[in-house]
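In what follows, structures are represented as structure tokens.
Presented sequentially are two complexes of chain A, the first with chain B as partner and the second with chain C.
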Partner chain A sequence: MGLLENIQKNIADNPILINSEAAFSKFLELGFPDIKNEEWKYTSLKKVISYEYEIEKNTEEISEKEIKSNSLNFHNAIIFLNGKIYSKPKIKGVTISNFEDQNPSFDNAITALNASIASNGYSISVDSNTVVSEPIEILFLTKNSSNNFIQYRNNINVEENSEVKIVEHIKNLSEKICFTNSVTLVKLKKYAKIEHNKLQDNNDNQISIDHTYVDQDKNSISTINTLIFGGLFTRNNLNFTQNGERGESNMNGIVILDNKEFADNHTFMDHKMPNCESNELYKGIYLGRAKGVFNGKIMVQPDAQKINAFQANNNLLLSDNSSINSKPQLEIYADDVKCSHGCTIGQLDENALFYMNTRGISKEDAKAILTFAFASEALDKITIKELSSLARDLMSKKLNVNLSF
Partner chain B sequence: MKKEELSEDELLDQVTSTEYKYGFTTKMDSDTIPKGLSEDVVRLISKKKNEPEWMLKYRLEAYKIWLSMEEPDWANVKYKKPNYQDIIYYSAPQPKKKLDSLDDLDPELKKTFDKLGISVNEQKRLSNVAVDIVMDSVSVATSFKSTLAKLGIIFCSISEAIQEHPELVKRYLGTVVPSGDNFFSALNAAVFSDGSFCYIPKGSKCPMELSTYFRINEAGTGQFERTLLIADEGSYVSYLEGCTAPQRDENQLHAAVVELIALDNAEIKYSTVQNWYPGNKDGIGGVFNFVTKRGICHKNSKISWTQVETGSAVTWKYPSCILKGDNSVGEFFSVAVTNNFQQADTGTKMIHLGKNSKSTIIAKGICAGKSDGSYRGLVHISKGAKNSRNFSQCDSLLMGDKCGSHTFPYIEVKNNSSQVEHEATTSKIGEDQIFYCNQRGIGTEEAIALIVNGYCKDVLNQLPMEFAVEAQKLLEISLEGSVG
Partner chain C sequence: MLKINDLKAGIEDVEILKGINLSVNKGEVHAIMGPNGSGKSTLSAVIAGNETYEVNSGSILFDGEDLLDLDPDQRAHKGVFLSFQYPVEIPGISVSNFIKAAITEKRKVLGLGPISAKELLSSMKEKMELLSMKKGYLSRNMNEGFSGGEKKRNEIFQMAMLEPKLAILDETDSGLDIDALRIVANGVNKLKSKENATIIITHYQRLLDYIVPDFVHVLHNGRIIKSGGKELAHELEEKGYDWVTKEADEKWGY
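Our next item is the complex of A and B:
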């Protein structure tokens, strides 16, 4: 039995699980995508869905100590234990609750599955004219005695002239596989601003597929930073839609993978209205037998004139067995635009390494300095100090060096 | 200076209301078989060409493969799929006697060529180009054959090659583009009626440009030509290809296959100026250009594709290089112009297998009217292709707000000693650029011409002299009113 049979059996045993019949029948109709699907060309789910899973069942206790040691310990923290909301902060002007999507939307098999069985997730609603001064941490902890398949469905709503910063973090504490399928819907009203950080320093038992949809009204600014420092299998789908003029969308990503880790970043930027801007920067560093995929699509709809859209994807392959597949795409239907994408794949500069060696810097240190410098352009986009220093620590750990500068 | 007052919109109007200059038909008797495709038709074509048994077998196998395949639809183009039973698969201009010299050429045919501006006569001696002309499906004239034969160079129609050099054809045909490669290559392998064949012997440098001119004449026909070009060890050849078709309301299918083989230390330069009928300005008619072109590079060899694509209603082609040998080099230079309702999905594939292999891709797209242009390319660096290098640049220039420009590059890298760079930009001609020119007394129209010319220069520079002139002219026609 694989995941599909596990799900079907579970639902046959317990029909109340389904939120949306339409979504579930869509999922059954489409099935899990295979590599013949253009969007999944380089990302095979075959192995991921061949494992045995329990559906939405977590049994193991998680102690306070474990929570503390895995959290960033921000003042504002929403903590989920085994899929259920455990604690949430009280913040002035912000409403936080468990998200119950009455009318779940979906646009592919994976999100249809999420729409049909997800019953947990956060809902954050920021009132108008509110600047949330401290960042909100969202921590999902799971611990289970068997492989587990779990869904989250989240909602963030930022009203006019408001601003919020978020750090989202998923952690599997057990030796068994946790497969997380999450969907996050972000809505920005006019002049709203969000910085959403996804910290994915997953261990080798974490499989994650994430879909984030950002819907922007005029003059809103959204930034999503993705920090991938591990994980057996990670697939992120970021979809931005600009529904008003003068919007700005930013995506930054750092991917550092080792061993047999795999990460796929899929981004889609939909420019529907004129005078907007988007910036995209993804840096990938691959060691061991790690595999990376990048797929970035920029769409400029007819009449969306005066668009500036920039995309860059830079990759370092630092081992013989690592590989990268990159697919930057532009689809442009308006003429008065400035759009570009750039993609590079290469190694550290031999001359730079040699230069440092001649100045007494060891080979390892020189490599670390250059690698770190390579990633720092994306790292600098993070405005939360605690997160940025944590990211540095995680990076040096991953690269196996001591970055004491 | 007279048109200086033209506003940009007016200029665009001019650009989009251009006529196709090669749209005439030639009244000639032709030997045409009935419409439709079946095993019998494949046999009939083979019989008409008086082909040996192995060739018929090859065709029938390809036909079987084709039957089992589905027409692909992944390209970013929209068109009404042709009815494959409604196409004439073989049409040959009559009378079909063997030509000894070009003086024996049918006067009607000669007139056609004169209109096309290709002189199949002594002029060619001056410009030093040997031409093979393929009309509808059959090669009608090949010039300079004997001069080339002295050097051991074989340049003839492929049906002649099947008769006279079966060992070469048998050895190489279908090795780079197998019949089952894709839907159109299978169709081509089953029904191809003619095309060019060229063999350059070891160590020789072909003293003149070789050229093939393709023309669809008969209504309702499809053109399926096959080109096979073999450059033996240490040889060099530059090959040109041009094409035109009459103006018709129907969509004619052109599904060609080109195979290049560059053996050790050989170099092939393959240039195309594609000017099939693009359809009228309402998007009616025009040629469907679904072509498979691929070359294989052995050790230290080089294949360079240069293409200027201005014609066809729908273009769907990816001239590719398989860089099999160590130190092999692949190049791709392309200018694709789309206007009115034209659609082009074109690009290249560079498959790096050998060590130190290098590839360069420069693709320039110009879109006007309501057209759509796409660049689709693959750079694949396999694990064994150590120290290989790729540079890709694909730029699009948009003229008008109803056109679309797209890029779909695929980059796959499987080792850590290779370097790959890719960059793409999309923009329109900057108002500041035009203003700057205006300031210096250059009219808006000339300024656009200047900028477009400069934009394409990287590619046009790669074309042999004779073709560069033609390509410039074509750009002019395709974007008339703005390019001079």
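Our next item is the complex of A and C:
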């Protein structure tokens, strides 16, 4: 068997689980993508779907202590335990509920699977003219006695002139594998603003596929920061669509992987309207036998003049057996466009390391300082203090260093 | 303090240092001069521990211990300091954090207690004053975007903070304007003591007017071909290198 059969059996036993017949038959028709699919060329699902999974069963109790130690302990926290909402805050001007998608959309096999049977997730709706002063933490904790497949479907709606900051954290507390398939739909009305941070710091017990769709009206600003500090297998798909003028989309990422960890960041920036801007900065640091994939597609539609699109993907390979596949993809159909992209793959600068050594700084610390410096440009985009200091701690841990500044 | 015996080093199969012998005692100032490409920077890099260069034979005794057995950071902890001819830009770390990292590590290795942030800052301020350095410089990234002269001054600032036993100044004068040269030389002189020693690599007499050497050596084609007192530098300034190198080339071949 494998994931596909596990899902089919689960549905056969329990047909009412299906939200959308259309989505489910689409999923069955397409099946999980393989490497013949251009979008999955360097990212093979073969292994991760060959494992046996229970579908949201065999859950174990999660204690208050575990919640506390895995949380940023923000005042505003939405906590999911094993898929079920456990607590949610009351925030003025913000409506928070379970997300129920009456007519779930999908655009590929994996989002079709999500649309057909996802039954967990949040909906956040920010009223117009509301600046949510404190960030909202969203914590998805799971703990299972067997491998587990779980899906989330989320919705964020930010009305005109409103602003919200979010930290989303998916954490598997068990030794068994948790395979998460999430879809998040973000809608920004005019002059709305969001900073959405995704923290992905699991060990080799987590498989994640995430699709996030950001739909922007005019003059809205979206920022998605992705922090990947581990995980057996991670595939993130960020899709931005600018439907109005003077919109701004920012995506930043830091990837630090070791051992046999794998992460693929697929981004798609769709510039449909003129006078917009997008900025993309992904920094990857690979150790051990870790493998990374980056695919950044920028589309500038025929009428989208005066676009500024910037993209950079910089990578450090700190071991002989690590690798990165980086692919920018620009499709520009307008003529008055500023578009720049760059991809670098390198090692740490030997001259800089030697210079630091001669000042009495050990090789390990010198490497750590340079590695931090490498990542800091992306790290600086996070405006939530608690999160950036947590990120620093997690980076130190991952890089096995102890820096006192 | 420093005793270099028959040091041969190079890159791959090219020998750059072809048998260097040099003794430096504490309290002394040595100047090393010599034509471009003669091996001066290579010698300083090998003393500091740059692994780009392969040492084929010889030893570098420092207080009786062979530096060749130590990593560059360990050499620094023993008191060796190199002021780089081309200081390296280190992005993402401020001058003050850099100095803090260097001093914290040195104190840890030497078993000294940690130094308080306040103490460290006031010591940095004092050394900055000594070298007439601009405020705000501590929070800039290490050497990033520094002018040539600022980089050189920053080297001497680090030297002042680390208080080495042996300082090697590789063309610290190049890139400094006339006033800066005087200020930096003054700083170096103030840091001099009976307990430490300085090796100055330079092309010009001017620096040696400020920091007066006890010995002057001429390095040519990987060998020290002549040594003398401070008057040798004057003689070289006047006559160039031809008269010393010619004799050496006849002896060793070029």
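As a working rule, the second predicted complex is superposed on the first by the 404 of 405 C-alpha atoms of A that agree within 3 Å, B and C clash if a C-alpha of one lies under 4 Å from a C-alpha of the other, contacts with A are read in each partner's own complex, and residues count from 1 in each chain.
In this section, a contact is a pair of C-beta atoms (placed from the backbone, for glycine too) under 8 Å apart; a residue touches a chain by one contact, two chains touch by 3 or more.
A quick note: this is a predicted structure, and the numbers were derived from the prediction, not measured.
Touch criterion met: A:319 reaches chain B, while chain C stays clear of it.
Once the two complexes are overlaid on the shared chain, A:79 sits clear of chain B and of chain C alike. By the document's definition of touching, of the two partners only chain C reaches A:372; chain B does not. In the superposed model, A:358 lies in contact with chain C only, and not with chain B. Put simply, more of the residues of chain A are touched by B, taking chain B and chain C as the two choices.
When the shared chain is aligned, chain B comes close enough to touch A:329, but chain C does not. When both complexes are overlaid on chain A, the residue A:305 reaches chain B alone and has no touch with chain C. In the superposed model, A:183 lies in contact with neither chain B nor chain C.
Look at A:132: by the touch rule set out above, it reaches neither chain B nor chain C.
Those residues of chain B lying in contact with chain A across their complex are 74, 396, 398-428. Within the complex formed with chain A, the residues of chain C that make contact are 48-52, 71-73, 75-77, 80-82, 84, 87-93, 97-98, 100-106, 109, 158, 162. Remark: chain A residues 349-352, 354-363, 365, 369-370, 372-374, 376, 403-405 touch chain C in the complex.
Within the complex, the chain A residues that touch chain B are 38, 42, 302-303, 305, 315, 317-320, 322-347.
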